[in-house]
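Two complexes come next, and they have one chain in common, subunit A, joined by subunit B in the first and subunit C in the second.
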Partner chain A sequence: MASIRNHAERHNAEVYRDYKKDRKVGEGAYAVVYLGRQLSTKKVVAIKKIKIGQFKDGLDMSAIREVKTLQELKHPNVIELMEVYFHKTNLNLVLEYLESDLEMIIKDKSIVFMPGDVKHWMLMTLRGLDHCHRNWILHRDMKPNNLLLGRDGQLKIADFGLARDFGDRNRQLTAQVVTRWYRAPELLFGAKEYGYGVDIWAIGCIFAELLLRNPYLPGNTDMDQLDTMFRALGTPTDAEWPGMQSLPNYMQLNRYPKTPLRLLFTAAGADTLELLESMLIYDPNRRISAREALLHPYFYNRPRPTALENLPKHVRDTPEEAKLKRKAEALGA
Partner chain B sequence: MHQNKLSLQNALLTLEQLQRTPSREDGITEEQEDDLRQFGCHLIQTAGILLKLPQVAMATAQILFQRFFYQASLRKFAIRDISIGSIFLAAKVEECPVRLTDLANVIDHLQKKFRRSPLDPLVPFGQEFYDLKNAVVIAEMQILKKLGFNVHVQLPYAIMVNYLKVLELTDHPTIPQRAWSFLNDGLRTSIYICYQPPTIACSVIWLAAREAEVPLPTNPAWWEVLDSNLEDIENIAGHIKSLYYKTLPIPDLPLTINEVEPYLQKQKSIALALADAESRTGKKKGQDGEEAEQAPVQGGDSGSVVPPKNTRVSRFS
Partner chain C sequence: MSTATEAINGNGPDNTPTLTAASTDLEKAVEDSNDSKKEVPLKQLYEQSTQYNHWRYTQSALNEMRSKVNQEVITTIKQNIEEEREQRTAQGLSVDDLPVDLKFLNVEEEQALLGFYERRIVQIFRYWKLPSHVTATAIMYMKRFFLENTVMDFHPKDVMLTCMFLARKTENFLMTIDEFSTALKSPPESILNLEFLVCKNLRFHFTVHHPYRPCLGFFYDMQALTENIERLQTVYESAIKLIDTSLYTDLCFLYQPSQIALAAMRIACKKESYDYERYANYKFRSNESSAQKYDEILLPILLNIEKILNEDPRCIEVEKSVATEIDRRLKMCKDPAKNSESLIYGKRKRMEANGDDDDDDDDKDDDRPDKRAKMGDDSSPE
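Up next, the complex of A and B:
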């Protein structure tokens, strides 16, 4: 049976034939993303094409990390890696396709958020993240842009290009992770050992952004990020964050007083602010975990999370639809 | 190997895959294949030490190497290229990436050492240097392709340490170290592609305790508590012990693809000459044509574990 030898290649060819790329929808640092279809099921998928030959150092680390972690994680709130196949010198990852992301929704000012909407998005984000953390995986790039939203309202965590396992005290991690606005204070101080706290801090920032409809801590540089953070949340004291001064890049910065969150978040309820506050605790060891957050009264109290199908959606028009709309508008005017 | 699905569990071979490897179908004998696989693993382990890689990366690399040659023939892919490609990829998978330049230098050094040629350093930015770097990147891609991106490897090291704790053997003067070394050496055999990590962990402890003459609970048998059975344990132990009964003829083994054919030719003529000599002296033909070539290394060690004649494979689907 000659088929044994070519098992992987035959399978690869079968998979390759089953998917068709339709159009380019985006370009990342190391990959091009296409909208595609699985021919056998007619399912719409995203195909991430990673060019290998292009890089001097072989296959990019982030591609390896993404495949490795997504293999481990199967959860309704984590994007699903459906297949992996090669074509010529390109590696293709077939992922679930989701229409929009949280960033689009936040920026679409025509949408009004109800408190229940924010609650359900937070719930789904935390469920997905809790699943990652239970499997000892840090995402390390949580931001609205990486929280995808499906047509059915389901939220899924995506982009695991920076993800890695944690919990091994002997191994040092790099502090150069997470998009700046969502970067935890310990990372800004150059911590080489950290844990789930970095993802929780980022979620805290996203939570605040959902409430404000604007980025909460938009620093211009890494230094400015700390300043912006301290201005908003007060400069941490030794008592608040023991061990802060022994971090590699620690430095004395401007002292700002602590201002209560409710001065900025005027419309938010007490339980909302309490949860937000526990996510934005300076000391990473005292910061709430994803599992604890899921048990927070905020999620039991009224208002209830909005039903999936009623969550706001950012409907992206196809070029044809957009054309028709413009025509209709012109006619109406 | 079941590669239709990406899986967290180690992919295990079917009996058919183990018996009819691509190399075997390409006219390479079982013994030659074992030698060549061991050589590749030896290369990975030695290079890994020079590169100061953690053992997990070297272990992952050796398992990737082994898996690869159940999908491809040793006649078509060079041992050197696939070994360094495996190191390069495994180091990334285990989050301790190596620089291509370091890898090229180390492999060139080892190549010269194995060939017993003068140990001149590789000319920086010379043609040879670029060729080596290129070969690594290509090999990495080949491995990913042939393995269908199944680069996830479960290792038995941590499990073994836990089992030692359960058996209260962590403070024994020889058992932990010996069991650990058996795990390292076992990477050169097919055990990691035939058994799941817990069974392998049980086996190395069983073997190390046996050699140290330390009795372990038998009623109920300790391995049963750890969900393993004696047959598998003995089989794995046999594979590991069989490594110590022969030396690898390193200077003769092919590193690059150009060296493969001359090596196979030479092996063939030696086998023929041996058979000829035997028939002329009227001696009874041995079971193995090349037995005379390999002298046992550890003649004194007459362990009770005999290398198994037939290989039992556990199936995983």
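Up next, the complex of A and C:
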């Protein structure tokens, strides 16, 4: 297309030739994910192909958000963006490949969670998120499905298609973010200015889900989400959340009393519930930050977080791997 | 504070398995894990940015890159003109329209033309009431693009439009291509066709840090030491103007945004006869070792930034007549290999078609032919 003198053009072609897509592992509305390899290193990777051709306005916002943020975020608990290249009218993101995610583990009822397991997953999630927030980046779509797990047990935050920078005053943000069950109350009331609290609320919901093995606040509609939330945590009062009534979509809803968390989370320790509660504080200004959460006694008290290699895994063999294993067994290897 | 960093980095008091989850910036902490009391500082954020790691140059490196690409394109265009001449002569066609003795643009002229278009970005974005950092991002995209490219390959007006459109997206001020192209009276295709190429040349690094935010930080910080906020406000506004000017220079490739911001504040203080040294003493000379660091490292940087802001010719507005004249000559310097009516254009196309055999089988479903980004004839300065 452009001049072969162009250095970037040559580099793009080189990167493109170094990766091979092996098979499709997922397909979304605008992207297809492939399992692939880097030919020069034999490294297994995930390649997310985004079809730009279908977008009238060129590169779309979610591709831009994902590339923009991941290029700046390098952390063991954040998925690594290894390369980006164009081929034809597709944008390809080469990402670390991780086999499973927290949602799969939660749903796999053959696995029993120990309190130390939950503690280590929370620890890794908060470390990754603290790194994002330290860089003034909101993830805005925290949910079990976006917390990937590697073979080594390492947890990595993924899917930054909704991520953006925050912290500047007078900057309007959209309230239409985060998957409903994990959406913070201020977003449900249409807040246009918000901060790290939206990610923390979502993590609180994930924490609860890990303890319950079921979604904690599964609302059916946006309206029902608030009702479900208030039923579980009590309807917030003005004293609890000053400023609530001035939010754009605020409305008076059913009043439910506050019930102590320990009635539902019967097996959880006091420190566990205290941390959970501080993540699910209605007033976003009083909600705990990722940094503060990491300093919470929960992470120092016993039980210690389970060692990485002993964390439960949801290992599914790929068809090729299963075939190879059968072959190996047949050969007595 | 030591407990804080320990928990965040997983360096627990008793040597726990969480250590393996420690972040890479803390490898040292893992090695020193016996000494768990030791404070582990987190790595400087700016040092992890793509801007710090990929877009820092010395002035001589910048000069070298620009003059290399300038020389290369001149050589290529000369060769291509000769090749075209030979082929046409062989086929008995006229060679009268082929240029002889072309006056190619030199690096300074390229920079002057770019400066002209950088100021166009400022005008248009100001008209749209976009914040300064969005303007600065668009300018930086253009600057980064033309580090390894020349205006003789890509007309700066075309690249400018694409950089503006892209910056609106990356800085969350999205405008649809229809609105954008209508407002700027440019066809949407030419803007979109260059988008991939611009992204590649930006190495897909969309985040750009500018001196505006650190300057606001210094403004807040200095308020602690003053009784006269109004005067300080004047200093701040004057510093912002200096930062606006710095965008036309190479400072963004040479120094960190916070260094440029402090230098701007320092110069603005001098201009407004405001006591800068009081702040410098409080901030940087509180003890001997930091005073030494300031005097030996930071101060020379501040002085050099001041020198560049005083002396760089790019700080002065490019006259339209000058830009028009450069642009007129630029039009003469066209590469025949990029002119679809030339013989060698056809020949190159056929060669490319034969060489392009590496297609992904998974990509069959989406075949939109790549359109060549045209060097528009209507791209004169306006």
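Details
Keep this in mind: the second predicted complex is superposed on the first by the 315 of 333 C-alpha atoms of A that agree within 3 Å, B and C clash if a C-alpha of one lies under 4 Å from a C-alpha of the other, contacts with A are read in each partner's own complex, and residues count from 1 in each chain.
Heads up, the rule we're going with is that a contact is a pair of C-beta atoms (placed from the backbone, for glycine too) under 8 Å apart; a residue touches a chain by one contact, two chains touch by 3 or more.
Computed from a predicted structure; not experimentally measured.
With the C-alpha superposition on subunit A as described, subunit C and subunit B clash in the combined arrangement. Of the two partner chains placed around the shared chain by superposition, neither subunit B nor subunit C is touched by A:R262.
In the superposition on chain A, contact of A:H11 is made with both subunit B and subunit C.
Once the two complexes are overlaid on the shared chain, A:K51 sits against subunit C while remaining clear of subunit B.
In the superposition on chain A, no contact is made by A:R37 with either subunit B or subunit C. Touching more residues of subunit A than its counterpart among subunit B and subunit C is C.
In the superposition on chain A, contact of A:R231 is made with neither subunit B nor subunit C.
Look at A:P305: by the touch rule set out above, it reaches subunit C but stays clear of subunit B. Aligning on the C-alpha atoms of chain A brings subunit C into conflict with subunit B at a single listed stretch, 130-138, out of 130-138, 220-228, 346-354 or 364-372. In the superposition on the C-alpha atoms of chain A, the part of subunit A touched by subunit B in one complex and by subunit C in the other spans residues 1-2, 5, 7-9, 11-12, 52-53, 56-59, 61, 64, 67-68, 71-72, 84, 86, 89, 164-165, 171.
Remark: subunit A residues 1-3, 5-9, 11-12, 16-17, 21, 24, 32, 34, 49, 51-54, 56-59, 61, 64, 67-69, 71-72, 74-77, 84, 86-90, 120, 123-124, 127, 130-131, 134-135, 154, 164-165, 171, 291, 294-295, 299-300, 304-308 touch subunit C in the complex.
Every residue of subunit C that touches subunit A in the complex is listed here, in rising order: 3-4, 7-10, 12-13, 16-18, 20-24, 42, 45, 48-50, 69, 72-73, 76, 148-149, 153, 165-166, 169-170, 172, 174, 176-177, 191-192, 195-197, 199-201, 203-207, 335, 338, 358, 360, 362-363, 366-368, 370-373. Residue ranges of subunit A in contact with subunit B, taken from their complex: 1-2, 4-5, 7-9, 11-12, 52-53, 56-59, 61, 64, 67-68, 71-72, 81, 84, 86, 89, 91, 164-165, 171.
Those residues of subunit B that touch subunit A in the complex are listed here as 1, 3-4, 6-8, 16-17, 20, 22, 25, 71-73, 88-89, 92-93, 95, 97, 100, 136-137, 140-141, 144-149, 151-152.
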